[in-house]
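One chain, subunit A, links the two complexes that follow: it is found with subunit B in the first and with subunit C in the second.
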Partner chain A sequence: MSTSSPVIDPILSAEAIAARKPGPFSLAGKSIVTPILLTLILLAIAIVTVMIGSKPFNQVIIDLFVRVILVVGLYVFIGNSGVMSFGQIGFTCLGAYVAAWLTINPMMKKMSLPGLPDFILKAKMEYWQAALLAALFAGVAALFFGRVLMRLSGIAASIATFAMLAMINTIYSNWDRVTGATSSVVGIPIVRSIWPYFTVAAIVIFIAWLHAISRAGLALRAARDEPTAAAASGIDIPKERLVAFVISGAIMGVGGALTAHSIGVVTPDNFYLSLTFVTLSMLVVGGMGSLTGSVLGVVILSALIQGLRFLEAGVPVGGSMLALPKGLQEIALGIIMIVILALRPSGLFGNRELTLNRNRSE
Partner chain B sequence: MSYLSAEDVSVAFAGLKALSSVNLKITPGHISGLIGPNGAGKTTLVNVLTGFQAPTSGAVTLDGQPLTNLKPHQVRRRGIARTFQGGRLFRDLPVIDNLEVTGVGLGMSRRAAIAEAEAMLDWIGIAPLKNRIAGTLPYTDERRVAIGRALMGRPAYILLDEPAAGMSAPEASDLSDLVRRIAKSLGIGVLIIEHNVGLVLGLCDHIVVLDSGAVIEEGDPAAIRDSEKVRHAYMGTAADTVRANLEVMA
Partner chain C sequence: MLQIVFDALSLGSLYALGALGIALIFGVMRLVNFAHGDVIAFSIFALLWPSTDAMAIVFAGNLPWFLLIPFVLAVGAGLSVLCEIVVFRRFRNTNPATMMIASFALGFVIRYFLLMLYSSRPKSISLLPILSQPVEILGARLPLLQLITIIVTIAILFGLVIFLRRTRFGLEMRAAAENFSMARMLGVRANRVIMGAFALSGALAGAISLIFGIQTGTADIQMGAAVMLMAFISTVIGGLGSLAGAVLAGFLLGAASVVMQVILPVDARPFRDAFVYGAVILVLLFRPQGLIAARGTKERV
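Moving on to the complex of A and B:
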């Protein structure tokens, strides 16, 4: 037999392969039904909120949507790669400050952040323009950090991402003339309508789904489960991780911009250990390997947190107020997390996704 | 003529020589065997050939071009595939996705990769396993899925690391048929590492025997069967098994 031109086996002919192409939306158990259902759940929450018409409740749900954006951002990298990153909230910080720089009234900026370059000092953008640039800026920063970090694995990678978070926090806490250091940067236009937050959360869910069903998503999950075999299957693991890291960074950045517009004030410590802990808890409780888990983890834990806050503030019982001691919220949250993880180590949803068809999982 | 070769490859782990000046050549359409007692360096040699282990000295070349500095995924993209001892399937993924991953790793679209994966499962004869979760498969099927995964994108060479370990005689015979088809109808160059010496003698065109990291004998099955050195190498380790295997073949 000629060794340079192997015999082409008819079973593997181009025609046979072409005839087997599956439909575009039925790839590997990751059905388009999942992001649609998740979006509908958030839409229902938004409609109920508008119907209730309560301002404090409106703010609670805005916080919830922002958290959904952040936790889905975490899922894109951590869930698919299996690499625990403690640094993603650093990109949220970058995004929040971009929003502050670009949307605060130029007169105020001159006073509070005089070290900004002239073109930023003069800028006065709409919140959505600033949010897009925040995503871009955070994505570029993720590319910059990721090129180094993605070569690491396991605990070394996790520690390095934590170092990145600390580095960003330190820079932003000290660069007085550009970030206002640790003092609050005020004057960011507040967006009180719930719809921009809902819209971005829905878009982010679809982006995460598209990444998960893409070649990059499949390759990354394979590398997460069996890195040696993935490399032997032609997968460039650092590259696939970098792709997810950059998408995640951009999502975290837009989440940061919306955080800034939801409260109107930013300080570096808004985007540090406490937010990292809360968002990672939501991801882990929901199920790291599941988009459904990351969205519903936020909804479930946010409801719990609100319930506990309500009890901390005090409930009238008969003639007196019955209030839980302050700080119980964090303790109770910790206990709930431990219980959930003890009962379901891979989170409430594990690797499963919400679909109409039961037994769909990957 | 196309070939994959290890040239004077040596590997030392902290001063301990795992391989010393090993030469090996594989050509498309032919089945080569690599045998030797436990700890002879067989898997280390496969690791060197596939980019998982850098040689301390020597080179791996594909058609004369050096591969030595390439990473495992780059070696795979040059058409050199391998399987692992114990399968190393993506245990949480269905069988079809296990194959699809390699298609994707080689640059196919997901849909093209799925289509080729289905054709490959058919070709191997395990199409009914398509939607089974890989972690639930029996041992024998796991091996065949691992071979299917390695065959995606039609590599020029495939290195099989103990594909018959733990198989019964009829299962090993089925495996031999599959390996023959891979070489003869797909024209792929095969290197098979096996403890089942009988299987190797019955299957291979050319056999290399490693002992303590060095090639002690090579040649066609008849030459290996008659070699005193080979018998000696196996003495005290699995001598009886080997003799029994050799007698079965004789």
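Moving on to the complex of A and C:
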């Protein structure tokens, strides 16, 4: 508010309103720095990895990028809506199996998954085509489930999404002619280059940013912070949640497809409680309400996990090997997470985003 | 037929006891305690000597039953109170998601602590083997344990009701569950009530682990998780914070699982859990506040 302006006519002229209205892309212009910076950080990681050229390290970074995709997917729904969902990994499972169905050699498929419909049995696609279809399939599934679940809020919504995850897991663990039940589905072509994973992670970060500054995203965040006021201002909360749920579901689906291509094997239990909790922890430790937090939460926790694994394998100190006992890695990780959360209850980044402008208040 | 009823009741008892443990803590501090399942696992492993063999070296498990049972309950209660003092005290008044993840991280720590000491292999143990013998009631052969599970659960529930309604401490706890800040203003000591809730919940976890351990004859690090998930669901569909609701929903869920196992066509049986979870979603859609909505948890405008 400027104090120098003279007394304003209570009824503003049309020009005055137009002058106050922010320009069409002002929000985008102000906030685009964040996804660019995040992408640059990931790019730097990718370039360093390629320069090091170590195979195990390459795989570690691929895992990191996949996790980034998954956690950004969680952020789109959980971060913006404030509804804790335990079910998003279910869409990852759907996506991973779509990738498996479409990319495994038809000869092998006929043996291991005879219950698939004919056109899928014959299909042999490139991994990127399969990944796109995986996103589509997971998105449609999210639309289907979301239509029902988005009417709930709070802890009831959390449990309902969990029930959805458990349903998907039960079905995929038992439908042996189509999903191979609990045995591993093998023969998925493995993509070892780091660039596809980086590209998808970058695209996903930009999609999350676009959604966050879109009308739907802004409305959803308003509903998260002040549900009553938002509803009174005409925001259709279930609808805005559904939009985020579907986008998130599609992202989780791509993440699932890439998980399948990064390890070459899928089982339903890869995509169940432990992955749910690992990704949720990364999101919450990084800061639920912030895109920066979700990306850097993955980077920081993954670095921590790798560091602890490294210590567990043993470090030469002087003449002897100093190694942490087995299992201590997970214990240390748990303790570090508790300490971070105790010191910063809303995560490392809270609601703030990474920008160049240091004194911008959020 | 009688067999089905008893199966349903005994499975429901386990869920109800678990749900009660979660609901007690949720009532006083709005924490969904994911570490509860690991407290269950810890209580049973406390009976064994740390080793990585498949055959367990029983340590405290050889105690006579009148020492064994209090020992397990005390272990559960002790660990639970310890969690409160070391971890959860620092998370009061933070948002639910943070608390949830903190409790999950704590459970993670407990689980891997057990894993480090005992390895991940399930261990066979035989506790109180007399209880596994079958008895004949009204023409149905039932394991004695099933009967005892049901009786013990009902006894615990009655005990709890008397405790909550007739003692000063129970009154304070109910007051705290209903409106924590108001209760504090009227002189209820927060730390005492919260620690009491954790102790009770831990003792319940100990009871579950005993029943489970005797029933399956194994000690498994994963075993807490299975009961815990169902208990967690029961707590929510019962109405978070409502103890009666948690118990009711626990029994309903147990009954639903057993009944579906019987009535579903053979082809669909492997998918039983999917139907159970589907039913859970339906219940939530029609009663998002839970079957018995707790006072004070309704959203206010």
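Note that the second predicted complex is superposed on the first by the 325 of 362 C-alpha atoms of A that agree within 3 Å, B and C clash if a C-alpha of one lies under 4 Å from a C-alpha of the other, contacts with A are read in each partner's own complex, and residues count from 1 in each chain.
Note that in this section a residue touches a chain if its C-beta (ideal position, glycine included) is under 8 Å from a C-beta of that chain, and two chains touch if they have at least 3 such contacts.
Everything quoted here is computed from the prediction, not taken from an experiment.
Applying the stated contact rule after C-alpha superposition, one finds that A:Asn105 touches neither subunit B nor subunit C.
Of the two partner chains, subunit B and subunit C are each touched by A:Thr228. In the superposition on chain A, no contact is made by A:Ser193 with either subunit B or subunit C. Within the superposed three-chain model, A:Leu280 lies in touch with subunit C and out of touch with subunit B [touch as defined at top]. In the superposed model, A:Pro345 lies in contact with subunit C only, and not with subunit B. Contact with neither subunit B nor subunit C is seen for A:Thr182 once the two complexes are overlaid on the shared chain. Of the two partner chains placed by the overlay, neither subunit B nor subunit C lies in contact with A:Ser54. Residues 228 of subunit A are contacted both by subunit B in one complex and by subunit C in the other. For subunit A in complex with subunit C, the touching residues are 84, 148-149, 151-156, 158-160, 162-164, 166-167, 170-171, 174-175, 228, 273, 277, 280-281, 284-285, 288, 325-328, 330-331, 333-335, 337-338, 341-342, 345-347. Contact residues on subunit C toward subunit A in their complex (touch as defined above): 32, 87, 90-91, 94-98, 100-102, 104-106, 108-109, 111-113, 115-116, 225, 229, 232-233, 236-237, 240, 270-274, 277-278, 280-281, 284-285, 288-290, 299, 301.
Listing the residues of subunit B that touch subunit A in their complex gives 1-2, 27-30, 50, 52, 71-73, 76-77, 81-82, 84, 88-94, 97, 100-102, 104-116, 118-120, 122-123, 149-150, 152-154, 156, 184-188.
Within the complex, the subunit A residues that touch subunit B are 1, 3-7, 9, 11-12, 16-18, 20-22, 24, 27-29, 213-215, 218-219, 221-222, 225-226, 228-237, 351, 362.
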